[in-house]
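What follows are several structures.
Shared chain: chain A. Partners: chain B in the first complex, chain C in the second.
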Partner chain A sequence: MSGQSASSVAGGLNPLRQTKPRYGEAVIRGVLTLAAAVSLFTTFGIVISVLIPSLEFFAEISILEFLFTTTWTPLFANPQYGVLPLITGTLVITVIAVLVAIPLGLGSAIYLSEYASPGARKVLKPTLEVLAGIPTVVFGFFALEFITQYVLKPIFPSIQVFNALSAGLVMGIMIIPTIASLSEDAMAAVPSGLRDGAYALGATKRQTALRVVVPAALSGIVAAFVLGISRAIGETMIVTIAAGLQPNMTLNPLQGMQTMTSYIAAAGSGDVPTGSIEYKSIFAVGLLLFAITFVMNMISIRLVRKYRQAYQ
Partner chain B sequence: MSATLERPFDAPADIDLRGHGQPLVDKTFRWILFLCLFIGIAFLAVLLAYVIIKGWPRLDSRLWTNMPSIRRPEQAGAQSAITGTLWVIAFTALFSLPIGFLSAVYLEEYAKPTSRFARFVEVNIQNLAAVPSIVYGILGLAIFARALALGQTVITAGLTLALLVLPVVIVSTREALRAVPQNIRHGSLALGATLWQTTWRQTMPAAVPGMATGTILALSRAIGEAAPLLLLGAVTFISFNPTGPFSAYTTLPIQIYNWTKESREEFQVLAAATIVLLLVILLAMNAVAILIRNRTQKRW
Partner chain C sequence: MSELHDPNAPQATSDLSNTGRMDVSAVLDEGRASVPDSIREVVFNLDDVHIFYGDFEAVSDVTMQIGKNEITAFIGPSGCGKSTLLRSFNRMNDLIPGARVEGLLAYHGFNIYAPEVDPIEVRRRIGMVFQKPNVFPKSIYENVAYGPKVNGMKVNMDDLVEDCLTRAALWDEVKDDLKKSAYALSGGQQQRLVIARCIAVKPEVILMDEPCASLDPIATAKIEDLMKELAADYTIVIVTHNMQQAARVSDRTAFFTADVDAKGVRHGRLVEYGPTRSIFTAPNEPRTEDYISGRFG
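Up next, the complex of A and B:
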């Protein structure tokens, strides 16, 4: 670092001078930087691997036809590639999941952050987080075998074996820990002075939680919601197992439907010949999925940064 | 006169300053919040009870001594899936841990807080953590299986899952490094140690428990992952144990998925039994992680 300037000190002894340059340290720094760059290569690899086959796909099928027509039949003799049924399926299931996860996740977060005693918190929080560690294939099995059969069928006798409702409900439960733990982090970052101020003005605990803490932590809470929605859109196994594999342009949650992810899973696990238009369609749907979740992740990252700056 | 003392601001008579209407609303609110938390936990309890009860008749040694079979469910087991999982996870660990540790050391110990490159890598990792796992499957299919011609093998699966869990390894290692107090670094540097000597001999050893916990959590995520492997050949019917990195394979989550798709009830029971096995493995790993954390918790 200071090797050159130190050696130019006229004739004097410089005890602080480094006696020999340490090339090893430079090599190590290089290796570390390279390791950090692997994550950049990963993103680059994802973009390249979805983009190139997608471009070939869009050379044959126009983007307008892909995005705005309503028939998805890649396996038919006369295949059609209108992605709207897959988007509808994704949307219906995501909306159901979000309707479950947002109230339950936020409620859990407020309870853990504002109400639970430290002892109760120490037990309840890890227990809730066990949900996040359950493999999604297990949730899928449970949705198909238990929720559809024993919970939903008695209520809706007309429900199909594969349906969007059970997949959406179970997915909602799956996302609770994501939303709860990020929202709780945001609420924990709210300075306790704000709470004390509210109490001093005579607010009750509920008023303090709802009108002071939640608004103060809002950007973090919204970030949690956005990340939860992004996870719901990208979830594969639950929908593949419980929602069926039939593209279905409907808003009726009692029917089966295919999502973007379950199409990729179904087509990708079959014997699709490389280079065929059907093979390329996997990547086109993958590109769409990546683009949607990328935008949502970026929004979430921005929002988290906002609340961190506000309270640090 | 006494009235002015009680209501000094001339408040309208219908506003009750003592607020004795509040406690009931507040109590109800508290119960609703608790219910939110309770639903998630109750769901978990029902799920566990259901798979254990359903899988109970098949929870015996057939599960790990026998190979999968489509024709004879009463003889079918999941041995090839168990060994396949071990092979794949070994390669996942081999690739993701060194890269993850080194990346974390770079970001936490070497990069300047103002470095543009470091900030860019950081945002990139945050995004990668939230990329759908099936997209990693596409990456694995296009790059590892096809472009690098590794095919649908153990090593392709290991590489793909390594990239998938890399953000988890990096984030948890960074947290472990951050928990090591600055004094230790300053002391070492002041004695003339170089940055790497400080990192390798002081900071990293102090962070080992935290790194171990994060590692276990990352690998348990990889063990449960199924979606990317659907695209990487794991769904084919495999009734042999992998013999090396270039062998065909299947894993426990994929075997569960395959049995779930079968219409005969015996296979559903088998799927439930395999789920119990998978959950026991994950539970054991998490217990070890918690044990390490509690045993080595150090107050600086």
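Up next, the complex of A and C:
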């Protein structure tokens, strides 16, 4: 046998040679490489197009003034560029949203995964996910016209028409499905043997859910929280409509506030002359937003990895 | 019957059956072989027990008693309802939608399926060890402490953890690593940790569903030694597909099989139950004989 193949190699034609060309392979390879390249270049492009005007901005305004002063009036005759009011605005609204979304989202997830009958789950999970499909502009008007008018005004008569509280509450409602759905996935992936083990020790349903299933699913749940928080920080429409466009250095949620995103949206859609310092400030704020979200993601990756190590 | 004992059967088959029987009776535990024919103190009394999953009757008409401080083995081919029956002893079947028990299943004379009975109380007294070692994603210490904590037991937790790990023959291997994740342990160690976790709530009965199925022979031998030691204080019921294991560790053996009814549905039933020595050396039922001699199952 080996002698034969050796002789046919010697004779010129190797029987193991490729006889059929495989064009399909090359095409697939090309298309996939292109797809990967497009997303890579897009990210790169975004970073460059944000970075260059930002650097020009910081050539005129010092980073210290930008980060640590408290008046944000880029459109005034005597403009000031202290970004802190936008950061506190973002922070206050995000904290309110998170305070709404984490308990309700995690609660829904625990209910769906541990308590609901299979029939109830089949109806409830898609219903919850419909919430995620509602356009944010609808949420924005819901916050302004309904929550502020009919829910908050009777409780807090001094509340402003545009206020952080209604925007935060509604943004919280908006991210419930994200947190609930991803947390539920993580809990459903916990092996049923762990539940059996807890029940066999005389644990109640609540003790099983809270002390075994939730800790076992913690890395997935933390990832769900971080994704929800990132969505809240980046959300634009609800805050633009319901929280107003006044930069306001305050922690009082009954007042109007501007966030980083709503400044970008408002200034970007206004008639700011291209190349002016006001124009470049949009990108500086965008870069800051990008940096904050990036740090959040790094933290979440760390957390997820930490719990993975502990539990596997 | 006569066909099954045909001395002219093909040589290979009779060799196999002979060795199968010889091996099993050779490993019978001498100490345990002296168990009396009748049970001295009854822990479980089953009378005409039927277990259903929805309309499907998985276990049919089981009548038997389980003796205190004895090791009772359930053997039989896969799918004959051994796990189903075992899970009905501590109401784990309640967790499966549609599962239902009919007939009398009494624990010290109390029907554990009576309406006033709390399944959580049942499970606290009747612990369970599963086929796959299902340690919690917590530290070794927290695994043992979980049961006492959820049951609100007022104890010195450090002492209890040490005591249970010692009884489960694991203390010496883990005493310096109590804060480490239980997932860092080997499969055999994890199964001993599960046993320690189980005895931490001070049950009277330990149910074990193929506890060695995922373990290597050395780890299996350790668990078997442990079971014999625990039998001094606990009543143990073990499901095993390993007949040698049943012969090695148990006082009594129950052989189950699945009968096919007129509609072609398989129902598990108890074929024969008695002291392990008689089941393995002098079974009354030809089907038991066939199974333990390796002719089917």
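In the analysis below, the second predicted complex is superposed on the first by the 272 of 312 C-alpha atoms of A that agree within 3 Å, B and C clash if a C-alpha of one lies under 4 Å from a C-alpha of the other, contacts with A are read in each partner's own complex, and residues count from 1 in each chain.
The working rule: contacts are C-beta pairs under 8 Å (C-beta built on N, C-alpha and C of every residue); 3 or more make two chains touch, one makes a residue touch a chain.
These numbers come from a predicted model, not from an experiment.
**Student:** Name the chain, either chain B or chain C, that contacts more residues of chain A.
**Tutor:** Of the two chains, more chain A residues are contacted by B.
**Student:** Name the contact category of A:G197: first (chain B only), second (chain C only), both, or neither.
**Tutor:** second
**Student:** So, does A:L144 touch the first partner chain B, the second partner chain C, both, or neither?
**Tutor:** A:L144 sits against chain B, while chain C stays out of touch.
**Student:** Going by the contact rule set out at the top, does A:I176 touch chain B (first), chain C (second), both, or neither?
**Tutor:** first
**Student:** Should A:A223 be classified as contacting the first partner (chain B), the second (chain C), both, or neither?
**Tutor:** Neither: A:A223 stays clear of chain B and chain C.
**Student:** Where does A:P215 make contact in the superposed view: on chain B (first), on chain C (second), on both, or on neither?
**Tutor:** A:P215: touches chain C, not chain B.
**Student:** After the superposition on A, what does A:P118 contact: first (chain B), second (chain C), both or neither?
**Tutor:** A:P118: touches chain C, not chain B.
**Student:** Can A:A97 be said to touch chain B (first), chain C (second), both, or neither?
**Tutor:** In the superposition, A:A97 touches no partner, neither chain B nor chain C.
**Student:** Taking the stated contact definition, name every residue in chain A that is touched by chain B in one complex and by chain C in the other, in rising order.
**Tutor:** Shared contact residues on chain A: 202, 204.
**Student:** Any idea which chain C residues touch chain A in the complex?
**Tutor:** Per the stated touch rule, the residues are 90, 92, 95, 97, 120-121, 123-124, 127-128, 130, 132, 134-138, 146-147, 150-151, 181, 183, 194, 197-198, 201.
**Student:** How about chain A: which of its residues touch chain C in the complex?
**Tutor:** 117-118, 191, 193-204, 207, 211-212, 215-216, 310-312
**Student:** Flag every residue of chain A that touches chain B in the complex, lowest number first.
**Tutor:** 22, 24-25, 28-29, 31-33, 35-40, 42-43, 45-46, 48-50, 52-53, 103-108, 110-112, 115, 124, 127-128, 130-131, 133-142, 144-146, 173, 176-177, 180, 202, 204-206, 227, 230-231, 233-237, 240-241, 261, 264-265, 268-269, 274, 282-283, 286, 289-290, 293-294, 296-298, 300-301
**Student:** So in the complex, the part of chain B that touches chain A is made up of which residues?
**Tutor:** 19, 22, 25-26, 29-30, 32-37, 39-41, 43-44, 46-47, 50-51, 54, 98-99, 102-103, 105-107, 110-111, 117-118, 120-121, 123-128, 130-139, 141-143, 146, 163, 166-167, 170, 194-196, 220-221, 223-227, 230-231, 235, 253-254, 256-257, 260-261, 268, 271-272, 275, 278-279, 282, 286
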